[in-house]
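Listed after this line are the structures, all set down as structure tokens.
Two complexes are shown next, each including chain A; its partner changes from chain B in the first to chain C in the second.
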Partner chain A sequence: MRNTRLWFLQLVTGALIAILLGIHMVMMHLDTILGFFGIDAVEMHSWESMIDRAGQGIWASLYIALLAFVLYHALNGLRNIILELAPSVRTERIITRTIMVFGIVVFIWGAYVPIALLAS
Partner chain B sequence: MEKRQPKENSLGVKGWVWAGNYKLERYLYLIHRVTGLGILFFLLIHLLMATVFRIQGQDIWEATMVLLHNPWFKIGEYLVCVAFVYHALNGLRLILQELGFVLGQPTPPIYPYKDSLRKKRPWTIVMLIVIVLLSLVFFYDFIAGGW
Partner chain C sequence: MTEANTKQITLRVQRYNPEQDSSPYLQEFIVPVSRGTTVLDGLLYIKENMDSSLAFRTSCRMGICGSCGMLINNYPHLACHTQIEEFHTDTLTIKPLPNLAIIKDLVPDLATLFDNHKAIKPYIIHHDTEEMETPSAEFTQTSQTLDSFLQFTYCIKCGICISACPTSASDKLFLGPQALAQCYRYCSDSRDGGESERFPVVDTDHGVWHCHLAGACSEACPKGLDPALAIQLLKRRLVSHSLGLSKKQSPSPIVPPPTESNPKVPFPEFTVKGS
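== the complex of A and B ==
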């Protein structure tokens, strides 16, 4: 049951990432094409543009949510690949806990900066 | 006690790339995993840029951006875009199939049989065409936007 729930979350986070990361990719990498449609997305990588977005709560929230979804999806996927080697129950527990701790540390590290920039 | 797969059924590391009579979809699944691991690796580097270099102020940020506009980084960035497009679209196909949306109506087993793999094959082909088209769109923007 536990693995079924984890897999269902894998599907849900996958769909959410496709939407959020799709927006991120279009904004960051399709600026020329967006320009054809009258959307000014030029200089998204400039300091001014980045700081402007970092000061808006909606962007900070979206990026933190995206980070959480991506970390879950990627690390659960990695866990599934490793568990195909059919390790013992003890090894499986060690793998799961190591991946969880890694994910939590990276999330705290990644979420700290948007919050710090928002507060500054 | 949780029921576990018998150890003698495990294919070990070999099972990651070869588990018997592979068809197109199984290779797509393999690429799905490879692109997923590649994107995870990129995510960690990307986070480094978005945290350590961003928090240190404008000068460090702009120096990082100059470094990232190196053609080799741009090629890498384009490959990440293609990997994302592939992983996202193949993932959506897998979600739709897992939830039973594109499998078609059940049919009686009358010869010549049409198994579920053949029934869903057209969706796979459409997905591959969309992936190629989107990859070309990204390629155009990378070239037109200047490397």
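== the complex of A and C ==
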């Protein structure tokens, strides 16, 4: 039932991305609307503001989770597309392993800053 | 057939003999057509009167056997079930079903279809092996349960769904809508207990999860089946099974024999008496 679980995770991560990306988009790009509701979200794009958020547990967790979900969703989707064109089991194995290694490397790279800031 | 009701139609038929030709080519035949003439009638006319070397499959001539599936004007049809008049044209192009290898002319190689069909174990699997070997009675099944999968039992294995499927076109290892729909047909049968044997076959990298839900199989099926629906319902069964949410139901038992205390209902007496 491996493929069923992978597909179900694809479904779950898709729904979670919609929620987390929604939060991200509202905070980063809808500051005028947030201001209308009395939330002061100015200077969200500044370096200091970004580093400050990355050092807070809740924001760091949110962004690390978003990174993990996006990487899984995108790379599993990419793997499915490539596998449809793969002519042999050996090629499939190479593709799967390459994509897994790529995903892990990108995740460590992306999650390094918030984890380092949290640790400091 | 009077001459006034007959007109001439050009059939452009794909010819290909792998032993002689380097690639397929189209050959034109002019055949007489009248009201009710099917594409298969046209091909039989060519074979009987013009070129006996033309190869195509046919058997029942009434849309039951599924032998004469072919690509007619770029859409898969059963040749015996398609009248030439339907197309409102003077030229028809006839090719073998795509997504399948060609044996000769209009004859596709259906070996992959039958291999995939066999792989999903298209028969009732029941834990009562003794009853399966030497049946003593029927297994119980309500008409409502039968209705839930009845349409999928009408598959004639013509291969038209596979030739219409975009996933089968790009993924040569894809199980195909025919086998997946038949997997659902047997898994949803209340007499069957073979999910655990069939799920590993369809839960692969080229199995049920590679269906794009284009719905082309359902649109093309000459028997009016909805394989796309069966595949979606199969996905639901797989997810429920994987998450442990499926109801644990053992296959239905055999119908109990009539007893003395439970006699058969007597046949009603005739209300109109003969004089």
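As a working rule, the second predicted complex is superposed on the first by the 119 of 120 C-alpha atoms of A that agree within 3 Å, B and C clash if a C-alpha of one lies under 4 Å from a C-alpha of the other, contacts with A are read in each partner's own complex, and residues count from 1 in each chain.
Note that a residue touches a chain if its C-beta (ideal position, glycine included) is under 8 Å from a C-beta of that chain, and two chains touch if they have at least 3 such contacts.
What you see is a predicted model, and the numbers here were worked out from it, not measured in a lab.
J.: In the overlay, answer first, second, both or neither for which of chain B and chain C A:110 touches.
T.: first
J.: Could you let me know whether more residues of chain A are touched by chain B or by chain C?
T.: B
J.: Identify the partner contact of A:5: answer first if only chain B is touched, second if only chain C is, both if each is, neither if none is.
T.: Second partner only.
J.: Going by the contact rule set out at the top, does A:85 touch chain B (first), chain C (second), both, or neither?
T.: Both: A:85 reaches chain B and chain C.
J.: After overlaying the two complexes on chain A, where does the chain B footprint on chain A coincide with the chain C footprint?
T.: Comparing the two interfaces on chain A, one with chain B and one with chain C, the shared residues are 84-85.
J.: Give every residue of chain C touching chain A within the complex, in rising order.
T.: Touching chain A: residues 167, 170-172, 174, 199, 203-210, 235, 238-239, 241-243 of chain C.
J.: Help me check something: in the complex, which residues belonging to chain A touch chain B?
T.: Per the touch definition, chain A meets chain B at residues 11, 14-15, 17-18, 21-22, 25, 29-33, 45-47, 50, 67, 70-71, 74-75, 77-78, 81, 84-86, 89, 106, 109-110, 112-113, 116-117.
J.: Mind listing the chain B positions that touch chain A in their complex?
T.: 2, 4-5, 7, 9-10, 12-13, 15-16, 33, 36-37, 39-40, 43-44, 47, 50-51, 54-55, 58, 61-62, 65, 77, 81, 84, 88, 91-92, 95, 98-99, 137-138, 140-142, 144-145
J.: Show me the residue ranges of chain A that touch chain C in the complex, using the header's touch definition.
T.: Those residues of chain A that touch chain C are 1-8, 80, 83-85, 87, 92.
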